Amino acid sequence: MSTTTLERPDAAAAPKPEQAEKLVIFAWSGDLDRVWPALILATTGAAMGKETTVLFTFWGLFPLVRDEVRITGENWMQKMLSMMNRGGTDHLKLSRMNFAGAGSAMMKHLAREHHLASPHELLDLAREMGVRLVPCQMTMDLLGLGREDLIEGLDQPAGATTALAEAQGAITLFI
Amino acid sequence: MSTTTLERPDAAAAPKPEQAEKLVIFAWSGDLDRVWPALILATTGAAMGKETTVLFTFWGLFPLVRDEVRITGENWMQKMLSMMNRGGTDHLKLSRMNFAGAGSAMMKHLAREHHLASPHELLDLAREMGVRLVPCQMTMDLLGLGREDLIEGLDQPAGATTALAEAQGAITLFI
Amino acid sequence: MSTTTLERPDAAAAPKPEQAEKLVIFAWSGDLDRVWPALILATTGAAMGKETTVLFTFWGLFPLVRDEVRITGENWMQKMLSMMNRGGTDHLKLSRMNFAGAGSAMMKHLAREHHLASPHELLDLAREMGVRLVPCQMTMDLLGLGREDLIEGLDQPAGATTALAEAQGAITLFI
């Protein structure tokens, strides 16, 4: 378990710049029970001083949709997908035992009771902590989501190449 | 947490001490078809000599509930969740094609026929092999699970910080 | 974006053999919305020069079944599982909002419109790019799948040990 750092006599002479500690999360899911751990891990990583990047891709993009935006997309298929997937962090559902929202409501109630931050609060916190929140450009194109449909404070949309470049040497999780 | 490598005077002569090989699994799911690979990978990693840690979090905590414990939690919401999620490794369900248990039973039958260890056996094996089995404290609080509700032989409950500290330089999988 | 290490004049004096950049994906799912990102990430990684390996395991094995093969397995349980899981990349379903195939069809239509390669095309591309496509031997045994049931161009079936050996120092994703 120990990863002890050594004090070396010659450290100053031949500094070997170690790779920064990094955490890269592929936030693929839009389910409450996956968005939550993704954001808890991201903010925890940032608090530990790791350079943290979250790539929001596929269903994971919907939690980033602005709360007041209701229907997104340019054609009927994209609009229909957006209707079935109400965006924003306040409408997330559990992947199982959702019971038409009762399960999610119950889980959120338990979280409040235990002073666990909500996905919405965690997203704000992540931004403040300097976590890079990157929406996946390819998914945005596919779903017809524009930059103006998404919340403020995100990084430039990017794709798999950017995420994989960041991921080398990082802790990587696909959630 | 640091992964700094030491420069020593004899670094060129002596082989560079490799970082210990590590495997850190975030066992998020309580589904049979995810618990199984999580434990197969954990025991395989341990057999290969890797320092292996499994953090059981969210739904992944339920397989660790003692078999004789039926209802857990302190309030009705936690109790209801525990009723819907019968704990223990013997009551796991497939995430799809479960068919009210027929699918799971079939899969377990096939596994026995092919001499593949059950999740229960793999959990015992993991413990014997020295795999660190860590229940997530935050989830325990959220679900109202006490240490006495969980099986023996687990490590001290811990959280995201511990797991991420272990994860630096390790193979990391979110299952 | 590149993490390539430069060969410098003094590289020979202090040779620090960099580990090759590697990407190891555990393709566990047979759902369209997970097979897709798995193959996009695999081909992107290969294009970036990373040694890329995909271990197809559990439900993830079904997309590798030859299109003309309809029922696989040696006993009725395996045959039933194969009937419920039509193999091949052309019959993948979304994990949610599939609507008896309408959701998947819509998603594929959107993908074509945006010139996003299909899973079938991505699988061919991955092979051409030298991505190691490894079917999981244990799953093949469990499901009664023979090598002849699977598409051409795959690597030798292997298991968790092979994948974990590859995974050390690699970007690792369980999808």
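Going in written order, the chains are labelled A, B and C, and every chain counts its residues from 1.
In this text, contacts are C-beta pairs under 8 Å (C-beta built on N, C-alpha and C of every residue); 3 or more make two chains touch, one makes a residue touch a chain.
Model, not experiment: these values are computed from the prediction.
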Rounded to a multiple of 5 degrees, the Cα superposition angle from chain A to chain C is 120
Residue numbers at the chain A-chain B contact, same meaning over half shared and different meaning under half, come out as different
Separation of the C-alpha centres, chain A versus chain B, in whole Å, is 23
Multi-chain touching residues of chain C, meaning two or more other chains, are 172-174
In the complex, chain A touches chain B at residues 1, 3-6, 8, 10-11, 14, 16, 18-19, 21, 23, 33-34, 36-37, 40-41, 44-45, 47-48, 50, 96-97, 106-107, 109-111, 114, 116, 171-175
Contacts from chain B onto chain A in the complex sit at residues 1-9, 19, 26, 28, 51, 57-59, 77-78, 80-81, 84-85, 138, 141-143, 159-161, 164-170, 172-174
